[in-house]
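Report on the structure given below.
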């Protein structure tokens, strides 16, 4: 019964597909799952907008939207209608084609990411051997979309915002890649399903999730930082910094295109946290051995919502980082830590079972963190702001 | 017209388009774009030959293409760095004006 | 008569080792080197160095002499030889070496002893001369060279020291080079001895080429040993002479040059220009004796192939030359008025005696007279030196007189020397040595005339020596400043020499012929009746008569009157023509001047002409040819090469210009060329693979 | 010859032509990314999965951004005053056409020689990993060194004399 529940979606899919003629079956199967993803995640997006505004409100000791629907849960529908009906103003001097293409490219790129994430046991859209590589390949084109948006609207602020966003995304993409490479090295394969399987065994009831290993923990922290930066969220949301750059690269967008950008951003958040869970939090595997009876996809989505909550939490608490602080932090602190983490993972692999492995790796990482971090602090690299006026 | 010749023809076409771009355009960056296209055409050839070659399990073609991609990336970086530096000094990216190496 | 085997045969090699012998010659030379480095004011150190070194040599010579004598005492006369190869070129190796036998032992002692006395004498004589150090440097160099000649066992080493001796005589004669006469005399001495040396060199080279070795005695392989001599005898040379005879004559010519024999004697009287100790050392005792010693050393060669009782051509020539020189020099000495010139001519005549003695009587006779002559002639010269020093530089005997009372000590020693020289019977060594020669002359098989010449020579010697004594010491003082007796440093050597002039007669009397036995390597037995032998007594009586006659004649002619310098000489009154002839030295110098010197002058002019016209012409022609060639080169270079080359370069430049146009510096042109190249290559590749 | 190949080929060639001929340099850059995407798809069509994704990741992700940054930094975005093409553009075009003629002639002639239909090679990332670390470890190391050197070189070349510019063009 539990397996049936676990595989409910898979069996649903098979059942639907089997009803179609043989030649179309593979195509239909793929189409159906695509449709499923395309519907599920925007719904989730709507939900999270409410969660976010309610969450932020609670953090700032206020209620958040509660007028439309019970506790304000129909707010997204209202926003959706608003964005659809709003007039879509395109600046005269804007480059029409690129201006129109930008949001489309962004959303498509982000959706492509979901193809590879294993939502549950046997519930992955495409079982790809180089799944992680595919994910990062798709992720790479988001920067291009952001740039197209920023540049095509022929607006100083949007261009500046786009430039900052791209620079930030490039820097943190390197860190994202490196931290996930550690996981790939330990799991020995690029395909996400194999990674999840590697983490699904238990000892004394505790799962073998990678986060519970020293390098895994450090990797997850760095991954989280990179993820927030990649999606221009919370402390790193400089590009849309309302106070300085109006709305960053999507200032000149209004109406549905603006909604698309908003959707794109949230989808990026979902996919990157989904990847995070598969890499570090054991994907759809249960937290404790005795809880395996609960269907796998529930674990995946609960972990997903947990990380979304963390994002919202971060947004509510942390102040915005400056551009040069952000860059120095990436290149002079996180990147070296990632490389070191890679080494530590290597060492971890060759030191064999036993407590010395744990002790040595954690000591190295803590020492590195302290040393590198303190030196950065002392030198004030992350500290004071350095100005450079336009020539 | 075996598939391989199809790919080869496409690669040849791409190569000559890249070459035309490099020869014709005035802007230095577009010359670099032309060169990138030529490199990609070569990669396509490599992979085509690998795919339809006698023993693909050796992976020679694909590995070669991967290395070529890596090197091309490095080349693009340095090339554009140079172009930026030239622009900063000569205030132009117009190739016809960069003839200080005249004979 | 002496047989050569006795000389070489009886000497057994392996006596006292003589490798230290070279020190005797080397020490004075080293001293000379050191003194040469000293500066003028270091007078005392120079003197002590010279005297010290010569006394060391004397000491070593005495040791060597003692060794030889002890060997002789045991009845075994030894000749030890030390030879070594100086250097090699090709197959032949040039050997040097030194020999210690009775002949060289005696000469070593004589040279170093007499030299030492003269050195001491000259410290006093030259005291106020500012070139004092230079004088002693030359003196010790001369002593070293002379000792080198004595110990030499290789003819090459002897020749080298021979030349060194010639050099030092030149330096010492020309010591007061400011005086033109002294410089001319030195040059004259050097050149005339050089003439003799050339013949000596020819003889040496011929000997070396024939015998293949330079060494005299080399345990059988030496040039003076039997088989080499037989080889030489077998060799016929020019004019019927054997090789041995010819080489002997050549070497005699060298000796004649150095010892002042007849044709080459002209330099000796003029050599009196040098300071008196020099005359004493070089022109009385040692250097001139070198020639005689050379003949003694080479005697086996000269006497090679001599039939018992007979003689060889070489020895006869030596005898005749010696006898003639003796009479000739004695005649000239009679008419001289310079105190030192008289003694010079007397040395020449006595050398003639020695040569005659060697020619007729063998080595022992000649050498005995040499040794005795060395002592009393050195005594006479030093006496003359102290007379000159006393009369503050006056040398003309006509301006002296009455020194008997002023310089009594010098007068006494001078008188002993004069009596020894004349050969006053019994007491004086000169008598016995001269008597030995006369005895040899008497028994000479070839002819009697040399005996008569020598007898007349003895008469003349007695005559001019007495004349000189009377002029210098008799009568009253005719000079300027009154003479004064000299300090003891001058007189002491005189007494020592006088003592030896007398005592040497003991070892030479026929009764106890130690000297002759020592030289022959035989034991000397003492028998009184040898003295009483009738022929000998007759001979002694004759010579005594001659000496006494000479003295009486001189005393009657000159007596105690000491005539004014302007008054013509007593003898001149009797035979004015002969007197003028003799006074002007029989015009031998003028003869040479006219013949030899004139010839050289003419020959020099011819050589100059040749050099200037002939060789000059050839060189000029060659230079002209090159100049022509250079002009041709220039023409070729400017017209042909430059022209052609420059044009070629211009063409290249133009071509270069065309090519440069391709280098527009624009990147795209390069890219185009690249693309074309790729296309061409692809075409070629396909075209070739298609084929 | 499947339809997909024709579509992809058309897409790539169109992208390439646009990249070369468009007036606005930024548009050229974007067209270039389209060409790169087309190529990546061609790679995938040739079953070279790893190469395809690498192409996307490297070219679209990095080089395109790099080109765009370069364009913006050198004020290339404004249309140049005196024409887009260099003076002697005709010569260039003729030469490019010539090269194309030669290459295509070569390809067509050699159609007999070239192998045609072969089995689809199953390539897994593990195989590629082993090959990279096994047979091609030396090229791997050299490329690693090359990339570091290029990174440093590019930074130094493009560094602003006085104050360090932010790290553009360092991919």
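Note that the chains are named A, B, C and D in the order they appear, and that numbering of residues resets to 1 at the start of each chain.
Criterion: a contact is a pair of C-beta atoms (placed from the backbone, for glycine too) under 8 Å apart; a residue touches a chain by one contact, two chains touch by 3 or more.
Keep in mind it's a predicted model, so treat the numbers as computed, not measured.
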item: Contact-richer chain pair (by C-beta pairs counted) among C-D and B-D; value: B-D
item: Chain whose Cα mean lies nearest the overall Cα mean; value: B
item: Distance from subunit D to subunit C - Cα centre to Cα centre, in angstrom; value: 110
item: Where subunit B and subunit D are represented by their mean Cα positions, the distance between them in whole Å; value: 6
item: Averaged-CA centre spacing for the pair subunit B and subunit A, given as whole angstrom; value: 34
item: Gap in Å, rounded to a whole number, between the CA centres of subunit D and subunit A; value: 28
item: Multi-partner residues of subunit D (at least 2 other chains); value: 50, 54, 62, 69, 86, 91-92, 95-96, 99, 103, 171
item: Shared-contact residues (touching 2 or more other chains) in subunit A; value: none
item: Residues within subunit C bordering two or more other chains; value: 666, 668, 672, 675
item: Every chain pair meeting the contact rule; value: A-D, B-C, B-D, C-D
item: Partner subunit C, residues of subunit D touching it in the complex; value: 86, 88, 91-92, 95-96, 98-99, 102-103, 105-106, 109-110
item: Residues of subunit B that touch subunit C when the two form their complex; value: 19, 22-23, 28, 31, 95-96, 98-103
item: Interfacial residue positions of subunit D with respect to subunit B in the complex; value: 1-2, 5, 9, 12-13, 16-17, 19-20, 25, 28-29, 32, 35-36, 39, 42-43, 46-48, 50-51, 54-55, 58-59, 62-63, 66-67, 69-71, 73-76, 80, 83-87, 89, 91-93, 95-97, 99-100, 103-104, 107-108, 111, 114-118, 121, 123, 127-128, 131-132, 136, 139-140, 143, 146-147, 149-151, 153-155, 157-158, 160, 169-171
item: Subunit D-facing residues of subunit C, complex; value: 666, 668, 672, 675-676, 678-679, 682-683, 685-686, 690
item: Subunit A residues within the subunit D interface of the complex; value: 95, 98, 128-130, 133-134, 136-141, 143-144, 147-148, 151, 159, 163, 166-167, 170-171, 173, 189-191, 323-324, 327, 331, 386, 388
